[in-house]
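Each chain carries a letter (A, B, C and D) given by its place in the written order, and its residues are counted from 1.
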Amino acid sequence: MAAGKERHFLAELLARTIRVGRSARSDSTPPDLSQLLRAVLADRGEASGLTTASIILDLLEAADDEALLGFFRSLLADFSPDPVPIRALLEQPLDAAAIRSLHFLAEPPSQEVLRRLNRVPGGTARLVALRARLNKLMKEAPDLKPLDQDFRHLFASWFNRGFLEMARINWQTPAEILERIIAYEAVHEIKSWDDLRQRVADPDRRLFAFFHPAMPADPLIFVEVALTAAVPSAIQPILSPDRQRIEPEQAKVAVFYSISNCQEGLKGISFGNFLIKQVVSELSRDLPNLKTFVTLSPVPGLAAWAKAEGLATPDDDDETCRLAARYLTKAKTASGTALDPVAHFHLGNGASLHAIHPRADLSPRAVRTALGVMVNYLYDSARIETNHQAYATKKAITTSPAVTALTRS
Amino acid sequence: MAAGKERHFLAELLARTIRVGRSARSDSTPPDLSQLLRAVLADRGEASGLTTASIILDLLEAADDEALLGFFRSLLADFSPDPVPIRALLEQPLDAAAIRSLHFLAEPPSQEVLRRLNRVPGGTARLVALRARLNKLMKEAPDLKPLDQDFRHLFASWFNRGFLEMARINWQTPAEILERIIAYEAVHEIKSWDDLRQRVADPDRRLFAFFHPAMPADPLIFVEVALTAAVPSAIQPILSPDRQRIEPEQAKVAVFYSISNCQEGLKGISFGNFLIKQVVSELSRDLPNLKTFVTLSPVPGLAAWAKAEGLATPDDDDETCRLAARYLTKAKTASGTALDPVAHFHLGNGASLHAIHPRADLSPRAVRTALGVMVNYLYDSARIETNHQAYATKKAITTSPAVTALTRS
Amino acid sequence: MAAGKERHFLAELLARTIRVGRSARSDSTPPDLSQLLRAVLADRGEASGLTTASIILDLLEAADDEALLGFFRSLLADFSPDPVPIRALLEQPLDAAAIRSLHFLAEPPSQEVLRRLNRVPGGTARLVALRARLNKLMKEAPDLKPLDQDFRHLFASWFNRGFLEMARINWQTPAEILERIIAYEAVHEIKSWDDLRQRVADPDRRLFAFFHPAMPADPLIFVEVALTAAVPSAIQPILSPDRQRIEPEQAKVAVFYSISNCQEGLKGISFGNFLIKQVVSELSRDLPNLKTFVTLSPVPGLAAWAKAEGLATPDDDDETCRLAARYLTKAKTASGTALDPVAHFHLGNGASLHAIHPRADLSPRAVRTALGVMVNYLYDSARIETNHQAYATKKAITTSPAVTALTRS
Amino acid sequence: MAAGKERHFLAELLARTIRVGRSARSDSTPPDLSQLLRAVLADRGEASGLTTASIILDLLEAADDEALLGFFRSLLADFSPDPVPIRALLEQPLDAAAIRSLHFLAEPPSQEVLRRLNRVPGGTARLVALRARLNKLMKEAPDLKPLDQDFRHLFASWFNRGFLEMARINWQTPAEILERIIAYEAVHEIKSWDDLRQRVADPDRRLFAFFHPAMPADPLIFVEVALTAAVPSAIQPILSPDRQRIEPEQAKVAVFYSISNCQEGLKGISFGNFLIKQVVSELSRDLPNLKTFVTLSPVPGLAAWAKAEGLATPDDDDETCRLAARYLTKAKTASGTALDPVAHFHLGNGASLHAIHPRADLSPRAVRTALGVMVNYLYDSARIETNHQAYATKKAITTSPAVTALTRS
């Protein structure tokens, strides 16, 4: 960053920070955040860096939305790449080596600020929470999007699948993790500790989650699995406490009936595909009797699409299924992928569209958004690669004969 | 990467890979590495990505130097940024937002290749080992340096201090880790398991190391500490098995007598400063009687500098100390920092030059490189910040009165 | 058991065992338990012992009360000491060596049966549960008491304090343990997981438990501690979710407000004294500001005693306190110890009777049994030994001046 | 102890304890151990019991053999059962209930002393070490044998198989445990850490040990296993660092080539049978290709027996094998069991005598004691029960056809 700007910046020190830092500490004169950030960046010797970084995070967490917005904007303004060396480089021929140099020269100092803040013990989780607030603020302040790119770029690197650990969540799991599972469940609400107990400790249930070592008590994503005798056609029998439980060794089918992303601050960093595949692999090894791996998934965009298409809500089950089949196989985004986000996720993973069930979820939300329809996507290890390639390269959606039939007149 | 290049590349498949993949697997037709890499990159759905990535790492580890060099060069050639969108962007005004876009557009796909390879269980350690081989090959092939930048950039992010865990190494530590400590000790060789036992299990000894969660049994750096009654003036009394041991509670001084970086593949990623400071903090808490934290450090550049300066080897201790004091305080690099690398490291951390000891290490190497001199650097928490700032901004070296006296006439 | 009987028995062993082992699973012919027990005892080579022992435990757990009673009686009848060698020994002079021999000769084989059953993985917990049933059956069948002596003797040895591990229970504790804490709380009911969360995870709360390594998820006893600014005079402010929480470092007093024995099957094996003292020791070390360790205890026998003595329920607080003081210091058992069991426990541990509080617990049970009175017993490390000796040898109860004053007319 | 004596003793307690407790640290007046023991026993309230018990153990460990002998004798003399209540009981008819009472009345207080000493953290290991010294002293002082019975009785109860944990020892094991494995190996010496590394970390090697929770870093017994393609006929190929290693999945045979009891103080408490069977069970599960479980065992009594029988050392292998076969199947103790202790151990476990190998161990000791012969005992799960019963009831030794043939003329 240019020296002149830095001087200017330092001159504005006190005025700006009073607002930001007021509540964070009892100091009568609050510190200036950008000043502090600059100290963190400058501190190659790391003499006091951890302390400063820790204070910054404290201040940011205590800041209200307005103050935080101000901080993000100054981060964007004051910690952008220095254009001078870039312009100098661009005066030479732009060969491969020059382009590579360009990449490093053009790296925003705001990225390094985030790396420094991450050094604080517990810093990773705090940065993830900070990005969640950034994303919320971005709705009103789209100018912050480039800053979000920094977060996303770093998080994609830090949360590389090679660093994640899959763990089974059960009744031996610490309460603080279980409490978060209850809070994070986004598909089929967990109503109580008793409800949770069934989902993690019943013999025919499994719950697996990914964790990052820097956030050991806070799951990133989890999937809930029911072990059943047959492919299910509705959610209620899965969730019912009165259901007939079976021993895991007798199960033939593993049903992924709920997948929840836990961290808003990790939006755009995808874990679901890896998680499902590792769960398939682990369950196959532990329970060789399992032959079929399917989801029981919502169809969140069905009703809205039908309405937009001017189609009436069908009267009977068959018509409803045909409508859903048409939606799932024919409704596409501009880039040609499936319009339904859940369909796109599973098809992109290499699953096929296996079955469509009417009146499968009669909760108000499901009736309103999906006409009560639920769907099985099938994860067949032998065909995942082919399905995935077909969808990735030709946007071709693999369907079972039954679904194919539904799509015909 | 341009589609044309890709086609061309695929056409060359078999010819190139025979050499590379020969020994790795028994397949009669070996796979093409770049092809495989491309598959890994293309695989957004991660259908078969982990398997492919795993095969690639197997092949690379089995490859001889020539094959590996070929691989690195093709990685550099074929996985460089696509110039087309960059050129398009450069036709517009180069404002801050454009520069930030430039950074992302100019990111070499070779970085993403490394991220993908890292997804394999155990991938991180294998990539670190791969970079160690890259660095060796670079001596003959400086054209690979841009590729090394990719490695270094990613490793700096992945091995962020916030992800590291400090652990005390002692006699409860698994043998596989202890065995590596023996192998990695770079300053004062550990001669046997008995020698190791003393250094980790004697009451007046401590050994602390940093670990990364993805390499849980392989230390990144470690420091050996002696708890003593007084600041030591020679290494032999520290290392001697016949020394007088004291109880930790009686110690007044903690001596950092050996710091070893363990991973050649992490060259340029600095951990030592963090480690020393965390050890100071932990020891201060556990043993409040400790009042002084010093190193007992080599002076590796002394003899070479004296020779280059045309100075004769002094005859007596006093003259040797004066020579060393002059070297450590006056000999500078072009950028004004201390010429001696060990001095530069500790001064940069905020330590001061505390004492200079003649005949402190009579091992052949120390006599040859440092005229037998060793030095204490003092880590005084109350002054670290000031020392660091003085050295970082003004290249000023803080010395004790005794050392200051040595630098006069 | 007589050698002749054993031989006879062993001759029939195999034939019957086949039937028995079969029916253990298919249940058409019920197995002969004594037979199985004998097999377990006979099996010095441990060839099939674990399997047989495991079957026996399965059968006992499936048995109804009548069958179990039959089993216990046959255990007592058929696995009593062989009188023949004892009588032979008694024909010689009964010197010290002879008496020691007598001890071993007179050991009931039923003890060895229990030791064999304990070999099964998880056997310890199952035997503890079995004794709980035995104790219940003993109410109608006092002839089983000698068998209970075997259990108690073994458990006292197995659950020796040297084998127990104290653990802090908090929000990182596995749910299966927390669930048991909820179930086992015997003094002040834990109403929900939220209530539990406060008692284990609030900054001013602690919960410590003893565990045995063979029952790692099942606590033996636990104590709940409140960290407060002053000695409390009522339970409600301690339990209230709306109370003012203080930081642990600010607390001056640790209040043991609930102690629960968890295992009915360990009746008569005392852990409370050890637990309290270890908690005092641990809290003193971690929180040096804690100066006072008191209980807030019920007075379960007050109302019943007053009624038996023909004393009217007092009208005012002062009179109530005087009545309680008289009860606690003057009401004695036949052997001269305090009649109130809680008082006897704490006085025996070396605590003193510190304060008496009227209207301290207004729950129906406490009003009915203790006229609402609660009591502080004080654990003063400097005086525990003296208090204990005075109570143990002279049945003298140490009281604070305030309590002493209450005992005077 | 008689109630009168106890009262008298308790009266003097405090006065003396002060002196004793003091001298325990300053050593001017040696403490009276029996006095301390009595204090420990008397301390039902456990007021100061742990401290006193801890001092006693310190004193005993510092005591020389003479002082310790004195202590053991006073323990025997002063902590024997009180004869008065026993005599009173014996005046009544000696029915089953009376005999059971006799057992408890005749329990030596010395047992309770040991239980109290065990309460100290780390007490169990210290008592085990104390018994090892007792056993050594007993060689000169057979009058201590009754005291040893107390130790043995308690240890048999405390080290019940249900409390033991089997652990695989490998290169992830803490060094302090590995160091003990080196020290404890009693059959085929482990010469160095490199030698150890092979035995625990090579792919075709396993080492399993039993631990007790109160001695978590000190193994009780361990067995070394070689995974091989065929039943071995000599020890050298097993131990050789130059041997052909095989992958565990290719192994057909698991060879128990060394079993070492680690704790002299646990003499007479048998773990080997349980360990072997659990290892068989675990290996069978993990490596289903393993079909044969054999030992490669020494024949320690062969040469001595041949000499005692006046038999000449044979000249050729066949004759040597016949001699060994005769020794192993015909040489018996007075009670009819196999004279050779190793044979007796494995036959008692249900193994069969499978093969006899000449020149199988050419170490000086093996040549001297066993004429170089080694033996395979076969653990065949399907036949263990039958073999065991045959040996236990009829002293019948099961042999393979090959061995049977050797026993014929």
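Going forward, a contact is a pair of C-beta atoms (placed from the backbone, for glycine too) under 8 Å apart; a residue touches a chain by one contact, two chains touch by 3 or more.
In this text, all values refer to a predicted model and were calculated from it rather than measured experimentally.
Colleague: As a quick test, compute the distance in whole Å between the mean CA positions of subunit A and subunit B.
Modeller: Distance between chain centres, rounded to whole Å: 34 Å.
Colleague: Let me have the rounded angstrom distance from the C-alpha centre of subunit B over to the C-alpha centre of subunit D, please.
Modeller: Computed value for the inter-centroid distance: 50 Å.
Colleague: Let me have the rounded angstrom distance from the C-alpha centre of subunit C over to the C-alpha centre of subunit D, please.
Modeller: Measuring from centre to centre gives 33 Å for this pair.
Colleague: From the C-alpha centre of subunit A to that of subunit D, how far is it in Å?
Modeller: Each chain reduced to its C-alpha mean, subunit A and subunit D end up 57 Å apart.
Colleague: Of all the residues in subunit B, which ones touch at least 2 other chains?
Modeller: none
Colleague: Which label fits the chain touch graph of this model best, line, ring, star, complete or other?
Modeller: ring
Colleague: Of all possible chain pairs, which ones touch?
Modeller: According to the stated criterion, the contacting chain pairs are A-B, A-C, B-D, C-D.
Colleague: Under the touch definition given earlier, write down the residues of subunit C that touch subunit A in their complex.
Modeller: 171-176, 178-179, 193, 197, 217
Colleague: So in the complex, the part of subunit C that touches subunit D is made up of which residues?
Modeller: Going through subunit C, the ones touching subunit D are 10, 13-14, 42-48, 76-77, 80-81, 83, 86-87, 90, 94, 96-97, 99-104, 106-108, 115, 118-121, 123-124, 146, 149, 153-154, 156-158, 160-163, 213-214, 273-274, 277, 348-350, 384-385, 387-389, 391-393.
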